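Can you keep this structure in mind? I'll have questions shortly.
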Amino acid sequence: MSKPQAAERINDFVIKLANVNGTGSASANSLLMKSIFRMGVPVVGKNFFPSNIQGLPTWYEIRLSRDGHISRSGDVDIMVAMNAETYGRDLAEVSPGGVLIYDSTWPRSQELIREDVTILGMPLAKMCNENFDGVRGRILMKNVAYVGALVALLNIELDIIKDLLSETFSSKPRLAEANMKAIQLGYDYALEHFQCPLPLRVSRMDKTAGHIMIDGNSAAALGCLYAGATVGAWYPITPSTSLMDAFRTFCDQYRTDEETGERRFCVVQAEDELAAIGMVLGANWMGARAFTPTSGPGVSLMSEFIGYGYYAEVPAVIFDVQRVGPSTGMPTRTQQCDILLAAYCSHGDTRHPVLFPADPHECFEMAVKAFDLAERLQTPVFVLSDLDIGMNDWMCPKLEWDDAYRWDRGKVLGREELEKMDHFWRYHDADGDGIPYRTLPGVHPRGAYFTRGSGHNARGAYTEDSDEYREVMDRLTRKFATAAELVPGPVTIGNGRSDAAVLSVGSCDGAVREALSILSAEGVNLSYMRVRAFPFSAEVQAFLDRHERVFVVEQNRDAQLRTLLIAETRVDPGKLVPVLHYDGLPIGSDCVVGAIREAMATGAAA
Amino acid sequence: MSKPQAAERINDFVIKLANVNGTGSASANSLLMKSIFRMGVPVVGKNFFPSNIQGLPTWYEIRLSRDGHISRSGDVDIMVAMNAETYGRDLAEVSPGGVLIYDSTWPRSQELIREDVTILGMPLAKMCNENFDGVRGRILMKNVAYVGALVALLNIELDIIKDLLSETFSSKPRLAEANMKAIQLGYDYALEHFQCPLPLRVSRMDKTAGHIMIDGNSAAALGCLYAGATVGAWYPITPSTSLMDAFRTFCDQYRTDEETGERRFCVVQAEDELAAIGMVLGANWMGARAFTPTSGPGVSLMSEFIGYGYYAEVPAVIFDVQRVGPSTGMPTRTQQCDILLAAYCSHGDTRHPVLFPADPHECFEMAVKAFDLAERLQTPVFVLSDLDIGMNDWMCPKLEWDDAYRWDRGKVLGREELEKMDHFWRYHDADGDGIPYRTLPGVHPRGAYFTRGSGHNARGAYTEDSDEYREVMDRLTRKFATAAELVPGPVTIGNGRSDAAVLSVGSCDGAVREALSILSAEGVNLSYMRVRAFPFSAEVQAFLDRHERVFVVEQNRDAQLRTLLIAETRVDPGKLVPVLHYDGLPIGSDCVVGAIREAMATGAAA
Amino acid sequence: MSYMRKPKIVHPGLKKNALGLTRRDYEGAMSTLCAGCGHDSITAGIIQACFELSVEPHRVAKVSGIGCSSKTPAYFLSASHGFNAVHGRMPAVATGANAANPDLYYIGVSGDGDSLSIGLGQFCHAMRRNLDMLYIIENNGVYGLTKGQFSASADVGTKAKKGETNEQPPIDPVLTALALGSTFVARSFSGDKEQLVPLIKAGLKHKGFALIDVLSPCVTFNDHEDSTKSYAFTRQHYHPALEADFVQPADEIMADYDAGAAIEIDLHDGSRIMLRKTAPDYDAQNRGLAFAYIKDKLRLGEYLTGLLFVDEDGRDMHAVNQTVSQPLNSLDWDAVCPGSSAMPGILSRYS
Amino acid sequence: MSYMRKPKIVHPGLKKNALGLTRRDYEGAMSTLCAGCGHDSITAGIIQACFELSVEPHRVAKVSGIGCSSKTPAYFLSASHGFNAVHGRMPAVATGANAANPDLYYIGVSGDGDSLSIGLGQFCHAMRRNLDMLYIIENNGVYGLTKGQFSASADVGTKAKKGETNEQPPIDPVLTALALGSTFVARSFSGDKEQLVPLIKAGLKHKGFALIDVLSPCVTFNDHEDSTKSYAFTRQHYHPALEADFVQPADEIMADYDAGAAIEIDLHDGSRIMLRKTAPDYDAQNRGLAFAYIKDKLRLGEYLTGLLFVDEDGRDMHAVNQTVSQPLNSLDWDAVCPGSSAMPGILSRYS
C-alpha cells in the first residue's frame, strides 16, 4: 500500500475511535488515553455517545497536544473505524495524510477508499474469535486488541498498559491476563503487518507530572465530599448522573463507619426534580449542606422552588451540567445554554449567583465555594458545568486540599446567642450587607419562625403590606450586591491591544486560549477575560470599559452570556461581538479563530 | 361639627371603602361604582383584598375622574371606615379636607380624630339590627345601607340604584326589595343628619356612553370564546381563576346545545399546572384551539413543557395574569414581574411571543390575536395581563366583533393536500419565513410524524447530528423574526421633544397618560410609546433611536422590560432610565410624575 | 426547658404537663380562617395532643404546602420552626429536613388539593419511603383558598357554591395510602376531638409515615343551603370573583359517637356524611383486607374512621439508608471532611 | 383506505386483515433498543393486536414520555401520529388530545420511571378521569435509559448492575390503579404473547382507561449474573458512566403457561419472578377483593397476571363533561363563534 506518507508528528495529533455503543469500547479507549497520559504527554479525550444504550454509533476522540491544548482541533489524524454503519463518514473525516484502521475480518466496500489516507486492515473479529471463548469476551476483546495495535503503531510503552491493566483488575487477575492477551494479539499483529511506529507517534515527555485525568462530575462530587455536604437529592438525568454516582462512591469510602457500616451522608433518589430541589431546601433549612445535580430540563422543573429559595432565603447548591437544549434536546451533546435560566430562574424578580467552572479542577473548587456562598448568602447557588466538562476526562493539575480551610456556615445564630437576645427577627438587616441572620430548627424556641414563600416582613411575619414587602425586596437587592464581592472573580490574561479583546466562559476556555495563541502567532495579540461567576465582579466592568470591541465566545445560539453582560453591566452592547458555537460538539479553536479573523478583517465593530 | 370644609369638587375625587372580607362589601361597593358609571361619570374601581376568605381587612377604591383618568391618584377624599381594626390607618389616609364615614353603633376611640377631616358617624349596625332579621341579612345590609348614605351625600340618582338592584336580583324580587330598603335606610339617615350633598359630589355627565365596566379576565375569556377556543385546561390560581370561570359561564350560554345540553367545549380542571399545559399542548396538537390561564408560579411549573412547545412547534395560548412575586408572593396584589420569564421561559435557547394588554379591551382583542399567532407561528404565545387588569373593573369602549373575521389556522395540510404530496416533511421551511407545515392526527397516514422534544431534523426524524440540529434551530430564529412582523405593533402618542420620551407597557398605561398630561401642563411635553408585544416591532427600535433619553415605566423591581429592550434592540442602555413601581398596588401617576420631574431636573441621563 | 427564661404569665390554675408547660405554650398566632372552619378544630387537636404528650415545642418541625389548611401551622406551636412550602411540595421538604435531622417530630399539614392534586406524586413517594412523620390531610373536598373548586376528593354528586355538581369519582387518601404502602393509616373527623387527639398522638409516636385523613368541612364553600344558594345564584350580574364575598358566620361541626357505631353528620350545605367507627375487633394489620373492607363501606356511603391500618415493623428512610444515629446536620467538620491526607488515595485512580 | 395510493410491495402470501393491510403496515422504524429488550416484545404485541383488530393506522394516536420504553412508539404504526412528550407527562398530553378528539384510539406507552416516579400524579389523575385510552407500562424495575437506577417498582432485594441492593418497598401499578379508580386493570409479561395480545386488544376496545402493567425485563441493567457482575465490579478504576459500556447480547425471555397456573421465569440477572395466571373463575368485578387477593399473592412472591379488574360502566371524561359527539377539533367556525349578534346580550351585564 503506497499511500502519501504523513509527515512525522510527535505527540501532536488526534486519534478518533468509531465504535458501536454497548460493546465495551469506552473502557478500551480510556485505557489507550490513560497510557498516553502516563507517557507524560498532555492528552484530552472526548466521548461522543448516543442517547441510547446499545447498538448505535459512538465516537471517542483523543487529542495529544505537546503544547497542552485541550480543545478540539478539528482534525482527525488516526481513525479506528470499528462501526461498519458509519464507515463511510468516518473515512471521509480523516485529514489528508491520515491513517484509518479497520476490522478486515469482513470485506470492505471498494468505494470506501481514499488515496490520501493510509488504510490499515486487521482481522480483529477473527483474531478474537480464535483466541477467546464466549460472546462477551469476543466482543470485548476486539476493542482491547485494537488498542494493542495502536500501542505498537504509536510506540506506546507496553509496560504502561500492563500496569494499567493490573491496577484496573487488581482483584481479578484472570481478567487482567485476558486483557493483556488481547493487547498482545493486536500488538503483535501490528508489528508483523504494519510499519511501526507511524510517523504520528508518541514519545515520552514529562508534561503530565503533577496532573490527573479526571471528569468534571467526579471532581464536583469530590468538592461536595470535601465541603461537607451530607444530603444529596437528585433525579437521574444525563449528563449529571455520574456526579451523584461519584459522590455516593466517595462517601461509601470516606463517610461510612467501617465497623458499623453507618453512613454519615444520605443520598435520596427523588421521584423527580421538583422533589429533589424540595429535599435540598428542606435539608438546608435544617442546617445540613445539601445539593442536587441536574441538567436543563431539571432546572426548568425546579423553577418554582428555586424562586422560593431566593425569596425565603434558604441555601441550596444546584449543579446544572448543561446539555443541548431546548426541551429534552440532545441529552448526550454539550452546550452552555442555561446561562440566562440560571441567572434569573423562576417567576417574579429573582436572581441567583452562578459559578462557571471551566474544567474539572474548577468543578472541585467551585463546588466547595458554592456551599460557602449558599450558606453565607442564604440563597440557591448554581454551578453551571456542562457535558463536556462533566463527562469527559480532562488533564488537570492534581487537586489539593488545604487543611486550614473551614466551611463558612454564614450567619447562623446558635443556642447561646439566642438565649441572650430579646427577640429574633429573621429578615432584619442587622449588618447592612443585606444578609440577615438565620436559626436552625430544633435549637431554641426563641429562634422559631415560619419560613414562607408568601409575603413576609423583616421580622419574618406574614404580610401583605406594600412597604413591608418592598423593604425585604430592596434588601435582597443589596444582598445581591454583596454577592458580587464574594463570588470568584474573573481570570484575565495578557496586556493585549485595547481595540479588541475576548471574553468567554466555562468550557470555552481551552478553545479560546488555543485561538489566542494562533492569532498571536499571526501578530494579533488580544487580552482575554474569562468570567467565573454571576453577579459580575467590578473587574468585568473595567475590562469591558478598557476595550473598544469584545468578542464574547460562548456555546449557545442566543448569545446568552452577552445578554447577561449587557443587562448587568453598563457596557455599550454594540461593543460586544457574539462568537457562537451551538452544534452540540465541544467548541474548537477553529471556530474562535475563524470568527475573530473575519471580524478583524472587516474592521469596525458589528 | 365645624370642620374645614372641602372645596367643591364635582366628579373628580376618590372614595375608599374599608371593610372586613367575607361580609358582602364587595357587592355593595360594586353597586356604588356602577351607579356612578350610569351617571355618565368616568369611574374606576380597585379592589385590595387579602389572601384569605373571611375576617381580614379589605379595601375598595373608587376614583371618579371627569377627565377620564384611570390610574390611582394617590388621594383619598372620602373614606368609609367599616373595619374597626384598620380604623386608625384608614383615618390617617384621608386627604386633608376629606370626609370619613364610620359606624357609630359602637363608641370610637377619642384619639382617632382628625381636625382636618369631616367625620360622619352613622349607627349602621344598629339600624340594620332593627330593620332586618337573621345574621346574614344584618351583616350584608350594613354595607348596602352605607351605599344608601353615599347616594344621598354624593347626589347619585336613586332611580339608578333601583334599576341596578332590580336587574341584579331579577329572579328574586324579595332580595331586590330588601336591598332597596337598606339603601333607603342609609339614604334617609344621611339626608336627615348630614348636609347633603357634599361639596365632593356626582353630577350627570355623558362620558360613559358606548362604554362598559368590565374586568380583564372576563374580557379575555370572551376573547377565547370568540376565537373559537374549545379546550381549556387549568389549575386554579389567583388572580387568573376568574378567567376560566368566565369562559365556562360564557360557554354554558353560547356553546351548549339547548335541547341536548351537549357542550361544544371541554374545560378540564387539571391536577396542576404541569398537567394543564400538557393538556393544552395535546389539544393543540390535535388541532383544537386550547389555552390555559395561570399566574407566575404556574408559569414556573410549566417551564419544561413551554420549551417543548417552542422546540416541537406546538401552538398554545397561555394567559399569565401576573401577581406579586417572587415565589408564592402576594397573590392578591399586582405586578408586572414575569416579563423576562415569559420571553425566555424554559432551559436552552428559547423565546416566545408575548402580548401585553393594557386594559380589558385589549385582553379581548389580544386573546383572539394570541390564538391566531399561536397557530400561525406554531408556538406557545403568552398573554401577559396582571391582577389589576384581570380582576378590577375597568371602563372601556364596548367590545365589538367583526363578523368578517375568520380564525387563522396557519399552515395545516389537509387530506387533499397530503394526497397530492410525495412526502411530508414536518420541519421543512418551504416558504422561507421559518414556518413549516403541520398536519393533524387522524387525517391521513401520509401526514403522520412523531412530535418530539428531543433532537430532530427538518424531516421530523430523530437526530443527534450537529448540522441537522442546527438547521432546525436556525430556522426557529428566522421564525421569530417573522413573528416580529405579525405581532401587534406599539401605540405611540405625540410629537414630543427629542431629548426625552416615555416607554411603558400594559397596565402602566393609565398612570403614564395621566402623568404626561400633568407634565404637559407644566410645559414638559414627552412622546410616549407603549409596547404591545415581544418580539419588538421595528417601530420600537425607531422610537428608541429618535430619543436621547427614554423613561421606561414598569411595575417590577428589576426593570425587566428595560432588560428585554436592551437585550433585543440595538439601543444604548444608558439612554433607558428605569421608573419602577413594585409595591403590589397598581402604579399611580404620582410615581411617574415624580420620577420624571426629578430626572429632568437633575439633567443628564442616569 | 432552660430556654423559658421569661415564662409567659399564665393563670396559676392552668393545667401543666410533664415539662411544666401549659396548653397555651402550644398555641400559635391567631387563626385567619373562616369562623367555624373545620381546620381550626384540627389545630386545636394538634395543640392538645402535643401538650398531653409533653413534646418540647422547639423539637417539632412543622411543614405544610399552600391552602387554608396549609396556613394552620402558623396557628399552633409558635415555638416550633415551620416551613410553608410551595403548593403540593411539602413532602419533599419534609424528606430533606428529616434526612438532615430525624430527631425532631415532624408534623405535616396539607389539604386535599395540596396532597391529592398537585402534590399527589410527592405524597405517595413520602409514603413509599416510610418517612418518619405525621401527615394530616385536612380534607374538605374543595380548594378553600382559591374559592371553592372541587378537589380530587370531592364526592360524586357534591354541589359547589356556584351550583355545579361534581361528577368525577374521588381519590380516597386512605385507599391510596393503603396501596402505596403507608405504615399507619387513619381517618377521623375534625369535630370529633375524642377520636382525633388520640390518633394524633399515636401518629406522632409511630415510627414511620403516619397518615390521618381528617374530614374537615369548609363552611364557606359548602355554604349553600337553599336560601343561601339562591342568594348567591340570583346575583347573576356579579362576577365570579365575588362569590365568596359573603361568608356566613358558622359554628364548628361536632361529632361524638362510639366504637363500632355510625353517626350521620349534617354539613353546612345541608348534605350529610355518614361516619362509622371501627369496631373493637377490627383487624388493622391486614392491608389487603382493610382495603376491601373500607372500600365496601364507602360503597355504602360510610366513611370508616379510626386507626385503619398499622404496621410498626416498617423500616423508615434512615433505616433503609443506614444513616448514622447522630443527625447529619450536627456532624462536625472532622466527621465530614476527609482532609488532605485522603487526597492521594482518591487521586490515584485518576492518574 | 383510499390513502394507500402507492401500496408497499408486500409478499403476496402475507396475511391480510379486514382492511387489506398486512402486519407490516403496522410496523414502525427500526428499534434502537438493546437486543433482547422486553420492550421490543411489547412493540410486537401492539403491532399484532392492531393488525388483528383491523385498526386504521392513522386513526391511532401514540403518546409516550421519556425512557427506553417511551421511545417504542416510533417502532410501531409509522402511519400514526405520535407525541413523545416530556418525562412523565404523557397522560396530560393524552388528556388534552382526547379532549379535542375522542374518536381516535389512544395508545400510551410509558415506563415504570416515567409513570411511577416523575409521572405518578398524572398517571393517577388520568385514571381518575377514566380517560379513554390504552395505557401500557413497560415495567422493568429500573430506569433503563439513564443506566440502571432502581425505579419505584423495583422489588426489595433487587440488585443493580452496580451491586447495590434495593431496600425500598415498591409501588405496584396494579394496586395503585385499583385504588385510584382505573376501570380496566391488567398485568402481563412481555414474553407471553398469548396473554398479552388479547389483553392489548381488550384494552383498546375498553371504553375508558385501560391499564396493562407489562413486566418487561431490561437485559442490560439486570445483566449481572455472577461472572458478569464480578467483571463490572472489579473494574474499580473505571467511572460509573462506563457501567453500561458493555451490553451482553441477549435473547428475549419467553413465557407460556395456562390459566390458573403459575410459572417461574428466569431473568437475565439470574433472579426469578413467579407469574400466576388468573384462574377461569377469578372475579374481575370487585375492586376491593381484587386488591386484597393480588396483595396476598404478592406477599407470596407471585405476580397475578391477566385481566384483574374491569368495570365497563365507568363514564369517561367526555361523558362526565357532556361533550358534543362531534370531535371539538372538527367543529367549524359557526359552531364556535357566537358572532356579533350575541355581543349586546353579553355586554349588557357590564354596563
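For reference, chains read A, B, C and D in written order, and residue numbers begin at 1 within each chain.
Here is the rule we use: a residue touches a chain if its C-beta (ideal position, glycine included) is under 8 Å from a C-beta of that chain, and two chains touch if they have at least 3 such contacts.
Worth saying up front: this structure is predicted, and the values here are computed from it rather than measured.
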Selected pair, greater C-beta contact count between A-D and B-D: B-D
Of all other chains, the one whose Cα centre sits farthest from subunit C: A
Distance from the mean Cα position of subunit D to that of subunit C, given in whole angstrom: 34
Approximate Å spacing (C-alpha centroids) for the pair subunit A, subunit B: 44
Rounded Å distance between subunit A and subunit D, as computed from the means of their C-alpha atoms: 36
For subunit B, residues that touch 2 or more chains besides their own: 51, 218, 271-272, 297, 304, 308, 327-328, 452-454
Set of subunit C residues in contact with two or more other chains: 86, 117-118, 120-121, 125, 129, 152, 236-237
Residues on subunit C engaged by subunit D in the complex (per definition of touch): 117-121, 124-125, 128-130, 152, 167-169, 171-172, 175-176, 178-181, 236-237, 287-289, 291-296, 314-315, 320, 349
In the complex with subunit D, residue positions of subunit B that touch it: 37-38, 211-214, 218, 222, 225-231, 233, 250, 254-255, 257, 261-268, 270-272, 274-288, 290, 304-305, 308, 398-403, 406-407, 419, 439-454, 462
Complex interface listing, subunit A residues touching subunit D: 21-27, 30, 51-56, 135-136, 139-140, 167-172, 175, 215, 217-218, 235-238, 241-242, 245-246, 249, 269, 271-273, 297, 327-328, 391
Subunit B-touching residues of subunit C, taken from the complex the two chains share: 32-35, 66, 68, 71, 86-88, 117-118, 120, 143-147, 149-150, 152, 162, 220, 228, 230-231, 234-242, 244-249
Subunit B contact footprint on subunit D (complex, rising order): 2-5, 57-59, 61-63, 73-74, 78-86, 89, 91-101, 103-104, 121-122, 125, 129, 317-318, 321-325, 328-331, 333, 335-340, 342-343, 346-347, 350-351
